Structures are given as structure tokens and as C-alpha cells.
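Below are two complexes that have chain A in common, paired first with chain B and then with chain C.
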Partner chain A sequence: MCACVLPTFVTELTLAALVILTLGAAFSYKWRGVGFASAVIALILGLLAAKSDAYGVLVFAVALINLISLVALDNRIKGVDYCLVGLMGLATLTVFTVQSLSLVLAALVLVSVPTYVLVMLREGGANTEIGLKYIVFMVFATVLFFIGAVMLAAGGDPVLGYVLLILGLSLEVGVAPLHEWVPDVFAAADPIPISVIASLAKIVPFVAALRIITSFSFDERLVLFTAALAAFSMFAGNIGALTAREHARVLAYSTVANMGYVLACVACGAACGAAATPAGGVGGASGSELALALVGGLLLLFANSFGKIGFFNAIKGEGSFSPFMFILAFSFIGVPPLLGFWGKFYILLSLVGVGYLWLAAVLVLNSAISIPYYVRLARELGVGWRLRLTDVVVFIVTMFTLATVALPLVEWLVKSMGVLSLGVM
Partner chain B sequence: MIELLLLFLLVPLVVTFVAPLLPPRAASYLTALAFAVPFFGVLYLLFGGVTADVTLMRFPAPVGRLYVFSDAITAVFSLSICAVSAMVALYAIPYMEHRFKEMGLDPRKEFRKYIFIYDLYAVSMLWIVHSGNLLLLYVFLEIMLITAFLLIYLYGYGNRQWVGLLYFIWCLIAGVLTLVGFLVIASESGTLALDELMHLHKISTVAWAFIFFGMVIELPGLGPHIWLPWAHAEAPTPVSALLSPLTVGLAGYVMLRISLVDPSFFVVYRTPIFAYAALTSIYAGFAVFMQKDFKRLLAYSTISQMGYILIALCVGGVFGTMGVAIQYMSHAFGKSILFMCAGGLIALYGLRDVERMGGLHDYVPELSNAAVIGFMNLAGILTVGMLGELFILRGAVEAFGLNLAYILPIVFIFILSGWYGFYTIRKVFYGRPRSELKSKSISGYLYVPLFVIGVLSVLFLFPPLSSSLVGNLYECVRYLIGGGAL
Partner chain C sequence: MNAAHIFLALFLAPIVSSVPIAVAYRRKELVGKLPPLSVAGILVSLVCSVLLLLKFPDQHFEYPWLPQLGINFVLSTDYLSRLMGVVTALIAFIIAVYGLDYMRGDYRLPWYWFFFNLFTASMLLVVYSDNLFLLFVGWEGLGIASWGLIGHWYRDDDEITFVGVPDRRVGPLRLCWTPSFGGWRAISTIRLGDVPMFLAIAALWMLSPEHNINISQMPWEEILRAAGAAGTVVILTMFLIGLFTKSAQLPFSEWLMTAMTGPTTVSALLHSATMVAAGAFVFMKITWYIRPWEVAAAVPGLETVYLLALLVGLFSAFYGALTATGMLERKVLLAASTMSSLGLMFGTAAASCWIHEEIAGMNFALLVAFWYLVTHAFAKATLFLVSGHLIHATHSRFSEGDLELASRMKAGFVATLIATTFLVGIPPLTAYWVKSAMDEVMEHLLIHEHMLLPLVLLLATSVTYSVILARFFTLNFFKGGKPHHLHLERLPLMEFGYLAMVSMLFVILYMLFERHELFELAKAGFKPASLLVGVAVLVAFLVATFKPRVAALSKIGTFFNDRMYLPFLNDFISPVVGFFVARLVENYGNRGIDGFFNTKVVPTLFRSLSRGVRAIQVGYLRSYTQIVLGLVMLALIGVAVWGVMP
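Up next is the complex of A and B:
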């Protein structure tokens, strides 16, 4: 399926999906189900346009689960919220398909802006205060990211361009020390929209950063800067989570730590630089450390997505089935053969490959530091068997987390995602 | 023949998912039978001198081929794991019922959860030794860790949740450090498949260092050993009876496999590693005398015995390697018997404090006699433990010559094991009773499995088991590393 079957229809499919989403949002004011249906149709079209089967399926799954979990939140713009998530999913599905810098940046905006609305959603009103705080940070992050990307593309100062891009990325996804908004927003907003922000919204910023960074060559000091930032974020996130009591705050700091792990892939991408991509900017990274970093980063982002959706839904439903909570916790810790392990495994492999053994050791240490709070989270949120909508969502994400027990599936994921194009034109 | 190996290994894995559906007694019998299948299967392969190798799948580089295999080295480890896991499964029938009642849990309902985790734990150990790829090995290493953690966390004694976390954190650090070592190998050699690595014969010092320090935490050596007495003492006894005899020694197996690829690390750092191992063994051996808690006492004995394994590893060569394997088996048999004895005393009298024991032979001669066999294994007296000590000493003589600075500590460690063994027997089972205890009838499940293991430990000292085991082991190790003559 996907681009290999329908290469010439990618643009048409994406445009059709956008039209369906727009119409769905318009009609959902009258019929709420239309919003949900149009979001699902848009995601299916986006899946057909996706460049990697494995990547497409996983993004589709994350977005669809986000849609299902949104059913549990009765809000004033019911119907439109589905379309917003559909739009985010569509942008995430096509971020590898587009080749120009402008479209990669457009995908970033399409993922970021819907979260401005989603973060304010709650039952019977709107979280305007927390929404404003979030929007200010996100706008600032997007601007930094854009300036950095444009500076790099226009041949400006590469050091300044790179640093601005990384700072923008850090602010956008919550890498320490630019993570201050994360615990406040995660704790104050409703768990369901936060589960979207903590899952689907995290993928595109990293992919965009990695694609831009791999188009250029950078000084080793910049790689070291990124690696140091990644290490700091791991420690800050995990220590913060260890000391936090409120579940949402623990998950917020867990996000900070996880973004540190994924930033390590960006460091690896910077270390490999343009060497991994052929002239012209766009090329597969198969077989290189960069491919390993890309696969590791994506797998970790998906593991983080499924885990965060599960835990936030458990918070919303005041607990969920205890074994599922433990499985999600173990995946976060990186216990094989759960999905979270494969992310860390390929990140470590790429770090060892580029000679960043110390960062690999820091990652290992942080995996151990994270054990107590994930186990505590699982214990406190774990309850007996029952069947509400939030429990169904937890069940689904647990199955995805467990799916990598089947090793042929891991092989498929790695092969399929390892050939994704990096670099931009 | 080759597919048979996969079949042997799959039987307990399938049973893991079937056993929870059955009542406790049936589930335990099925588990014991499930482990009897690979036990006799591996024995059959061993007698036939067959080396089996089954490809599971091929992973993209640098992971390489995932496969399971069996040779004489894996056979020794596998036989130990199967025998002990099968017997402990039976032993757990009355023990866990007692524990569930003690914790106020519904025994029937809780046993389903317990047997699933227990089976997965034992299966993961079995698959570790048969894994032909370091990634596959690591996956099962971590499944072993997580299942053991859950058993301690859910059913342990004392502050079980804290102890469980302590165990989890230390062993995860150990595991992931080892993983980094494996990844360095992958990066340098382009594969994690053991057969391909055997052709390359090259493990860098950096990779070795990560693996060595990781596995020394898991083993454990002196210093990182602090987690072990807590975990092994506070775990429910059937879990202690796997943790101590089987799990920790697998760290030795991992190092053994890596040293068969390239023993340079042990060759270069032989003297400091030997000194460290001897110090571990002697320190822990003397620490046994200081313990008041019977299970803690046994835990320190485990640390001392793991010192043997480290000595055998750094001695290396054909005999050192054989010593590692047979020492693992003798310790597995001996220590599982002893932990089950300790558990029997807990189940019958609620006793753990050795100061309150004494004269128990009069009340529970079954456990007392079994404990004697257990300590005979540790001390290397008339059991397979004799072979273990023999090969370690022979290996040491080949590696160091008749240098008394090396040989005397080894001999002293052997004596120390016998010393603390008989000290414990006297303190716990003989002399005048220190508590007002009464003779109690004891369930057959609490002592028959101990004697089955005891008989096995003696049988492996005599032909045909010993001749087949030693002969094939010798040929296998000599083939893998070359040189030496029996």
C-alpha cells in the first residue's frame, strides 16, 4: 500500500483529506459523529499517502486511539476536536512524504496549532488560563524553530541557526531546561487533551528537526551541546518525576526525560550530518547509525505515545486494570521485549555507533533511576478489572506495547522505518 | 533432531500460558512435567553428543541471526535449570498456599497469577542459556529480571516492595550495562550472533569492561553484592530457590560465552580479577557466620559460591570453563535444597532466626537430612560439587602453575564452604532445641523434591551421567577454545 502503490496520488489524497476534515468540522456543529467520521476518513487517506507502512500504521493507531479517548471528554466544541486530532494525524502521516523545507515546517505548524485549542478543552467550560500559558510558550517555540531552520537553509550562521532550532524544539516538546511549562500544563489541563499533546504532538517536531539537521554538516561542539542537553533533560525529568507526587506531574517529568532520550537521536543525527544523505538533500538512511537513530527515536516516540495515552486515560478513569498499568510502566523503563525497549535499544546502538558511549551510559543510568516512579505510578493507578471507555483505551495501548513480543513484527518495523527519507530540499 | 530442541524449549513456554487455567495442584504438576521435557530432551542430546542449532529469524544488521542452540555447555546449565524449576514448582504447592493465607489472599485465585509469573521466570532462564544471539539473550535476561521482581514485589516478606525495587534497580543497571557492552560488540563486529562472533574471535576491552562490570553486579561480586541478601532473603522461598541457585549464576554463563569468543579480558586482568573473586568468596564465607536469619545466611553463602565461578572464569582454559559449568550445577542443586529447607522451617514453625533453631533434626529429620546433602554439594563432598572443585583447581594449576599464592586461597575457600556448611547444620539441626517446638507432620511436597534434587546431584558424580557430562563437556570446550588434554 502507501506511496509505493499510489505514488502519484499522494498530493491528491492529502488535499482530499484536508477538504474532508474541513467539511467534517463544519458539519460537526450539527452532527457530532460527522467530525469523528471525517477524522477517521482523513487518517485513512493519510495512511495511504504515508511513506513507510510501519510508520503509517503506528501514527494511524496513535491518532485513532486519541480520537477514541476524546469520546470520554464532553466539551463545547465536540466534533471539531476530532477534526483537530485528525489534522494533527494527517500532518504526522505526511511529514516524511513532503520533501521541501516549507512543507516540513507547515507540518510542524499543523501539528502545533490544534493543540492550542485542545489544551483548553474540559467538561462544561474552557481552561483559558492554562491555554494562554501554553500558547505563549508554543508560539515562542515555533518562532525559534522557524528562525533556526530558515537561517540554516539560507546559509546564515550555522551555529546560531542550529542552536535556535534546537532551543525551539526543546521548548516545543519540553526538553529541560526549557520544560517549565510542561508540569504546570500537564497538571492543570484535562488528562484527555494532554494525552494527545503528550503523544501525537511529539512526533513531528522531532522528525522535522532531524530532517533539517541531516541536511547540513555541523561542528562537533554542536553535537556535544545537543548531547549535553539530552543528558540534562534525562536527569531533570527523572529526578523531577521521582520527587513529584501528583500523577499528572510525574507523567509530565517523565515526558521531559523521554524527550531527552529522543534528543539523543537528534545528537546522533547531527553527528552523522549530511554525510548520510546524498547530494540533493533527500535520501534513505538505511544501514547507517542515522537509520538506527531514526528507528530508535520513532519507536521511543510511539512507546511514549502509547504509554502516555494509557496513563492519562487511567487518570481520567480514576485507575485502570493493574497488569496493564505495570506493562506500560515496564515499557517506559525499557524492559524487553516491550515497545519501549526497542526504542532505547536502537538509540543506544546509534549512540555507540557514533562513539557517544558516555551518553549511552547516562541513558542506561536514567532508565534505572526511573524505575521507582513508574512502579509507583502503576501501583497507584492499578485497580481491578472493569470496562469503561478509558479502560478500553488502556487495553488497546497495552496491546500495542505488547505487540513487539512478536519479534518478526520488530523486524518489520525496523526495516520499514529504517528506509525513511531524511534531509530536506 | 535439530527441530527437537525447539520443541523441548517451546513446551514449557506454552505451558506458561496454559498452567494458570488449571487448579493449583494440576498447574504445578503440569509445570514440573513441562520442565521434565527439556530436561530429558537435553540429556538425550548430551548422551548423543549432538550439537543442535535452530534459526528463529534474521534481524537487520547489526543484530544478525536469532537462533537457539544446544551444546554440552548449555546442557549443563539447562539440566540444572529444568531440574530445579520442576522440583520447586511442586514444592510451591503447600508453601505458596501457606504464604497466600498468611497474606490474607485467596489461594486459588492468587495461584493463577503466581504460576504464570513463576513459569515465565523459569522459562526465561532456560531460553537465556539456549539463546544464540546476544540480543535474544538480553531479552530473556530482562524477562527473568522483571518476573523475579514481580514475585518479590507481590509475595515477598518484610518490606517486600522496597526490596523488590532494590533488586530491580541493581539488576537493571547490571543488565543494561551488559547491553551497552553487547552494542559495542554489535558496532564493532556488525553482528550479535554468537556463531559469527566465534569466527571473528574479537571482543574489545571497552565491550568487555561493560559486560564484566554489568555481570559482576548481577553475579554479584564484593561491593555490588548489597542487594543480594535482601532480595534472596525476603523473596518467597520458591522464588529464593530459583534466584539464588539459578539466576545469579547465569551472569557467569554470560561471561563464559563471551570469554569463549575472546578471553583476552580475563587473560590480561587475570590477577586482579582472581584477587577480587577470592576476596568476594572469603568475605562472604565469613559473613555467613555472622547471620541470624537462615535465608540471609544462605544468601551470603551464594555470594561466596559465586566467587568460585568468578575464579573459574578468570582461570579460563578448558578446565576453568568446565569448572564454571559444573560449579553452576552443583551450586544450583545444593542451594535449591537449602533454600527449600529454610522455607520448610518457615512453613512449619514460622522460624527464620537461627538463634532460635537447634535440634530440629529431632522434629524434621527429612529437612535435616536434605540440608546435609545441600551443604555436601556446596562443599564438594560426594556430589557433583566434587567435579566442580576438581576442575577449578586443575584449571588454576594450569593457569598459574603450582604457585601457592593462587592455589592456597582456592583451597582455603573450598575448606571455608565445608566449614560454614557444617557450622550451619550443627546450629540449626543438631544440639539441644532452643525453642519450645513440637514435632509436626510435614507434607511430602516440602521434602520429596529436595531429595530428588539431592539424588540427581549424587547421580551426576557417577557414570553414566558423569562420564557423559564430563566427556562431552571436555570435547565441546576443547573444540571451542582449543588445546588441553584430560
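Up next is the complex of A and C:
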């Protein structure tokens, strides 16, 4: 009975959240606070509806922190921007558990489109040139992703479908060599909307791709193609960041590298193939490497989200408390027992499990290459103790990064994988 | 109060009680008042060790630490540990009380008391540990504390703390050492032994079933047989190198001579119940459980290891005694004699491999070695404590003193007379009975194993040892001439220290006839051959007392005083080899590595690669679109080629 009642309940909660967001956006033209409040309420409803356990909580946290950091950016559509982030958060919360391809793709669109607006936000105007550069590639990415997904679902050529899906994903999140838009957009746009794009917007594309990919079995050469793309992105991102001067540009290349790490999980997912039963939970997956890859990929996405929010807020606030900056940098590098370490750790375990030792070695090597620029970033952005909104945001994300010092929390994150759905058809 | 609490108090009390003085190092008025607290900490350890002796004999205690790795807090109160624990704590306590007077007004009291107590706690950990890894923790504690204490007077500004004659040179070598140099020589030599010892423990850990490295529980025979002949020799020799360096056996003895740059209390503790005794004690303890006298026939290579220990021990004993005959400095003479005594302990304990006789379930030779260690500890600590008083009174580290000094320092005189005569083996004093048993052990080797050398070395050492302690006695209280400077003041705690210490020799003498197993051991003293050796020792003592200097032998005396130029090994050959290797590494290793990683190859490569990666960021949407579309097209062509491929 429970199973029958809950889905209906989920739909109602999600619909209520959408209505509240729409109304909030409309009323926020008159009262700006309404936008913020409606976004928070929608997120709470979404969290209740999604039942994604630990990952729901983390998505909620990322979205909420994004909302708080947006307070620091005064812009022309103040109020509506909160609702856009609320919508992205809501879509991200649902993507873990929805059961059909159309809903997964809808979630992707709902996360992607609001960023077209957000990227242009700045105080006293709009970054139209940056917006144009960004939107062109996002539209292109979405189209590639959709064609690939639909081709796979419709039983078309699996090789073409897979390649298009991966190319779309790569362009969407900024995997090298399709990353050209990333450094320019990250460096030229306002740091606050970029912190949203670099954090919340990265989760859905990966989860969607993984859920589609795990519905099929693929040729080994396709796995190799993905692994090679992941390795290339890691090297391009980390090496590119080494000599970049602007902080935002360093973070852009860091994003390229991190997306390479997460793409390694996608390769793992493709290697495991349809080991998971369609539309089944990870708990039922026969291959434990797949579960490890998913845990690793998600933890790394969250580590990346918290780190990017922290650093971009520090850029916005012209520096933040030095120890926090170093903690975030160490998490990016993968120093135990910070959040970033666990992400890389589980990815490495899954790669070793599926026999991709060389990619595991590349990942470790890249973590070493990244040390200089992360430390440089932390040193240059680190200042004494101050208390402003951006510093509060940095404090909160640092606490999340530090949370995995408590090992039971890591266990919880791993166990929560059981409630996530795999496969979409 | 259970055993866990007692052990906790035993190990932690000395350390905890020395923390306040270490923390208060900036507040001079407080520092002056806190040393009794540190002494109280050692008193707690003493009480605990006595409790363990009386209430928990022959027990085994295990508290988990890293059980998966076979590393636990395993402590035992077997025969050796429970007695050695009391000896260590008692000697440390008496020396600590003595130190209250001796160290008063010193410029570095917090440092001294912290390391002194750490030293004691570390030794107690070594004594009671049954787990090799736990033992190694205490072992390393001894190392670091000895470095701290030997180099205590780090300013190197007082000639009285030096070892050697200032400005004396032999070839390129300066034969004079300062406290900081002494500390360095100690830690560098000890580290040389610790590393192979640690590797040996690791090898034993690997070979032992279930990684059990509890000394008393390890299936030694099985482990050593699994290691094979070469493995047994390599592993046990590596372990022995750790013990030899700690106990200053040849060729690692130099550090002990220059350890005399530390305060006399440190020398006393170092030479009696800690540090150097640790090496000999651990050797006895593992031998106790390896039981070579039973398993040597079945374990190839084991006899070779014990033969090595026997020879290194006896040669060190003879070398130490011989060099001491030429020593001019009070403490260095005693240091060389300690080395000699430790050699006898190693030699006798190693002889157990060929001795099957057991007394109350214990090997005869090991029992002899252990009781010689105990006797030597109290006697040698006494002599060092008197030395400290003499140096204080005469303001000289060189032996000097006459009957006038003896009459004005009666307590010191009496304590020295007792300690020397009781230690050298003059019948019927304490060490005579133990040394007689030692003679019997070596006699056994001659009769049953046809080994003549051990007995010859033992007898030669015994007679020479008698000469050196007689020289110490006579040159300080009888025929050493009038001191250049004499400043006697009432120092009751110091006098109490050496009188209490020397009185323990009477207690041991009483125990020799009161305890069953010791009486069995002392029986050797009633044999005519032993009596003959005893008389020879007495004659040597008397001759040296009345004729401590022989002009005709002055050159060879100087040679002995220079420790037969063994300092060259430490201060010349080792540095030359070391610097050669360092230059090699610097010129061909470091610069290459530096050039590759830090200055040339890797930085240039990454800089150009990084610029290459960023070069495509021209800022034009058109260029980016071309790149992306081009790459997508390439991918599509790839897929198409794949499709037409068979």
C-alpha cells in the first residue's frame, strides 16, 4: 500500500513546489523576499518528495547555500534569481529517483535553462556577451545529449547514441577538449552565478548520463573512449590551471579536471553495463564496482560543489578566512579525511575493480599535479578573520567539507546509495 | 587495584610528574621547587614495581592496541622482568634523590628532569614489555632521552664537562669531546643499530604465525626454521646490532665513553640499570624464550649467532678492561669498565647455547648473566655517584686524591672501597660468587665444547678488571696526589645516594645464600679453581692499589687512554665515508634530481604544456564553435568508420 500511496504523494509535493516557485517568482517583482522564501519552501517540499536520503540532504544543502550566496549579488531580476536556483534544486532532487527517461531529460533541461539567465546576472546590468557564448554551447550540448539518449532508448545505433550522449555531457559540464567556453565564462561572469553553475548545475547531467548508460551494455572500446576522454580532461584541466593567473580562470580549469574525475565514474558505469536491473536500486546491482563508482562520483561532485562555492564566494568577497581556504584546497587535492578524499578514494576503488588501473594511476598523478595551484589559490585568497555574507557561506561549505572527518557519516553516504535508482527504461 | 592500574601508574607517573617542571621552564622560582615532584613520580614507579614483584609474579597481561596486526600492550612479570623492574626503579629513585643535590642551581633543570623521568619510564617499558613492538617503543624512548641527557650541558662552555684532554691531537683527530658532540655521537651510533633491529622485528612479525610477536609466546623454533640458516643468521644478527649499539659492544663502544659529558647522575643511570643494561637485558630475555640450548640442534644458523654474541661480548669485555687501565678521567675509566662488564654479560648469556644445566627451570648461564647485571648495576651506580661528589669537591674530572681527601670524605671513601671490592670478585664478597659461576660456565665450554678462548678471555678480563677498579679506588683516595682544589660542603642527599646504593650489595650477598636458585649458583664459589681465580683477583687488586702507576708502561697507557684509536672509526673513517657518499649524492644525485624536477625539465615542460592548453582561449565565439564542431564531426567520422569496419 505504501508503494502505491507514496508516488502520488511525491507528485503532489513536487507540483506544490513548482506552483510555489511560480507564484514566488511572480510576486518577487513586488516583494523580493517572497522569491527567497518560496525557493526555500520549494526545496523543503522537494526534499520531502525525493526521498534520496543522504544525497537529497546534500543537494538541499548545496541549493540552500547557493541561495544564501545569491543574496550578495544585487541584480535586475532580484527575487526571480532565487526561484531559478530553487527550480534547479528541485530538478536535482528529483533526478535520483524518477523512473522515466522523459523525466530525467526534463530534469536536465530544468537545471540547464535557468543557468542561461543566471550567467548573465551582474550588478547594474547584464553580461550579454558571456550569456551568448554560454547559451550557444549549452543548447548544442543539450541537443547532443538528447539525441544520444533518445537514440539509445529507441534502440538505434548504440555506438552513435553513446558517443553523442558523452559528447553532449562533456560539452554541458566542460570536459576537455570540449571545454573552451569554461575558462572564458568563469573568468568574465560574476563569481556568484558562476558558483551556482560550477556546483548545483553539474550534478544532474552526470546522474542523468549514468542512469541512461547503466540501462545498456556497451562495447569495451566505448569504455576506453570515455576513459581516454576522462584522462585527457584531467591532464588538460590540471596542467592548464598551473600557470593561470586569474583566480576564476584557475577554478575554471579545476572544474575541467574535476569533470574528468567524474567522467572516470561514467566510464566505470559503462564498463559495468546493464549489471543493474532496469529501474532498480543500486542495492540490487550485482557489480559492487558500479556502486563504488556512483558513490565516488557523487561525493566528488559534492566536494567540487562545496569547494567551488567557497572559492567563488572568496573571490566575490576579495578573500576569506585563510584556514578555511586551505581546508577547501586540501579537499580538492584529496587529503584525507576531507570530503574530496572520499570521492577520489571510491572512484579509485571502482577503477581498480573494473581493471582500469592506468586510469587510477592517472587520477593519482593528476591529484599530485593539482597541488601547486590549489595551494597557491588558498594562499592568495586567504585573509584574516572577517564576518560578511561571503565569509559565512565559506564557513558553511568548509563545515560540510570537514563533515566526513566523522567516519559514520561516510558510511551513511555509502549506504544511502541503496535508495537511488539506476536505469531509466 | 588491578594490574592494569599498577602498570599505568608505573609507566605514566614519571612522565606526568615531570610535565609541570617542563611546562614551567620560563618561571625560574617555580622550576627550583618542582624537582621533588619529579622524584615522587619515580617513587610511585618503584612502589608499583614492588607491588608487581610481590602480588603478580609470573603473569602475562594483554591489553589490545592493534590486535589485527598482533601489536598489543603485552606485559609480563616473568622472573627477569619483575626483578629487573624493581632494580631499575630503585636505582633510578636513589639517583633521582642524589640528583636533587647534585643538579641544584643548574641552568637547564626542566630539560634534565623531563628527560631523566622519560628515561626511567622508557626503561621500565623495555623491561616489562613482552611484545617486541611495544618494547621497541620503550627502546626508542631510551634513545631520545639519552641524547637529551648526554647533551644536557649543550652550551659546551665548561671544560669540566668535556671528555678527553683539551688540545690533544692524534693525526687529524682532536681527542676531546664536548657535551653536544657527545650527545650526537650517542644518538648517531644508536640509530645505526635501531634501524636493523626494527627491520629484524618486522621480519619476525612477517614470519610469526598470526603475526604474534609476543616474546614469550612466539614459536621461536618454528619461526627460525622457516627463516632457514641464512635467514636466522641475518635476522638475529640484525637484532643483535641493535643490542650491541645500545650496550656499547665492539665496534660501537665509542659513544659510551663520550657519554660521560653528561651530568654524573645521567652516567650513573645510563651505566647501571638503563640504556646499556637494556641491550644485555633484552638479549637475556629473548634467549630465555628462544631456549637455544634446546633448539640449536634443530635450527640451523642459531649456534653461529650465539657464537658471534659470545665472541663480541668477551672481546668487548677484554678491550674495555684493557683500555680502562690507561684511563685518567674518573668517569671515562668507569665507562670503559662498564663496557667490559656488559661484554661479560653478553658472553655469559650467549654461552647458554651450550649449557643445558637448569636451576628451578632456568638456564644456569642466563641466571649467572642476570645476577651479574644486578650486582654490577648497584656497584657501578655507587662508583658513579661517588665520582660525581669527587668532581664536585675537587673540581676536576681527572683522578686525583689522597688519604687526606679520604678522611674528609669518609662516606665516599667507604662506599668506593665496598663497591670496588664487592664488584671485582674478591672472595667472599658479592660478585665473587657470581663470577665463580661465570668461570664455571666458561669451564664448561672448554671441557664439553673444546672452546679455550672464552675462558682465557674471561680470566684475563677478571684480573684486568680488578686492576682498573683498584686504580679508581687508589687514584682517588690514596695515591692520586693532593687535589689541586678542594671544596667540601655538606651534601646529605648525595651521600645518602651512594650509601643507599652500596648497601644493596649486602642485600644481594644475603640473597645469594638465602634464595634457593642463587645458592645453587653460588656453590661454584666453593670450588678450588674458583678460589684460585679469586685469589688472583685479590692480588691484582692489592698490587694495583699500592702501585697504580708504572712509568715503564706510560706509552702503552696513553695508547689505552686513547681507546686504541677506536675514535678514528667514529670521528674520522665514518665521516670520510659519509661525506664521500654525501658528495656523490649532492653532485650526481641531487643536482640531477633538482634539475629534473625543480629547475629545468619538469617545470619547463609543464610551463609550456600549460601555456599550450591555455593558448586556445582566444576569446572568440567563432573559434570555439569551430573547435567544438570540428571535434564533434571527428567523433562522428570515427563512429562511421567503426560502423563500416567488419
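Note that the second predicted complex is superposed on the first by the 404 of 425 C-alpha atoms of A that agree within 3 Å, B and C clash if a C-alpha of one lies under 4 Å from a C-alpha of the other, contacts with A are read in each partner's own complex, and residues count from 1 in each chain.
As a working rule, a residue touches a chain if its C-beta (ideal position, glycine included) is under 8 Å from a C-beta of that chain, and two chains touch if they have at least 3 such contacts.
In this text the structure is predicted, and so the values were computed from the model without any measurement.
**Student:** With chain A superposed, do chain B and chain C clash or fit?
**Tutor:** Clash.
**Student:** Of the partners chain B and chain C, which touch A:K133 in the superposed model: first, second, both, neither?
**Tutor:** Once the two structures are laid over each other on A, A:K133 reaches chain C alone.
**Student:** Name the contact category of A:L171: first (chain B only), second (chain C only), both, or neither.
**Tutor:** The second partner, chain C, only.
**Student:** Looking at the overlay, what does A:P183 touch: chain B (first), chain C (second), both, or neither?
**Tutor:** second
**Student:** Tell me the contact category for A:A201 with respect to chain B and chain C: first, second, both or neither.
**Tutor:** neither
**Student:** In the superposed arrangement, which partner chain does A:L160 touch: chain B (first), chain C (second), both, or neither?
**Tutor:** A:L160: touches chain C, not chain B.
**Student:** Where does A:L144 make contact in the superposed view: on chain B (first), on chain C (second), on both, or on neither?
**Tutor:** second
**Student:** Let me test your reading of the model: by the given contact rule, A:G240 touches which partner, first (chain B), second (chain C), both or neither?
**Tutor:** Once the two structures are laid over each other on A, A:G240 reaches chain C alone.
**Student:** Of the stretches 217-225, 397-405 or 433-441, which one in chain C hits chain B?
**Tutor:** Here chain C runs into chain B along 217-225, and the other listed stretches stay clear.
**Student:** Which residues of chain A touch chain C once you look at their complex with the stated criterion?
**Tutor:** Touching chain C: residues 132-133, 136-137, 140, 144, 157, 159-160, 163, 167, 171, 177-178, 180-181, 183-184, 221, 236, 239-244, 253, 369 of chain A.
**Student:** For chain C, which residues count as touching chain A in their complex?
**Tutor:** The contact residues of chain C facing chain A are 606-607, 609-611, 613-614, 616-617, 619, 621, 623-625, 627-628, 631-632, 635-636, 638-639, 642-643.
**Student:** Touching residues of chain B toward chain A in the complex: what are they?
**Tutor:** My answer: residues 56-62, 66, 135, 138-139, 142-143, 145-146, 150, 153, 161, 165, 168-169, 172-173, 176-177, 179-180, 183-184, 186-187, 206.
**Student:** Across the complex, what residues on chain A touch chain B?
**Tutor:** 287, 326, 330, 333-337, 341, 345, 348-349, 352-353, 357, 360-361, 364-365, 367-368, 371-372, 375, 379, 407-408, 410-411, 414-415, 418
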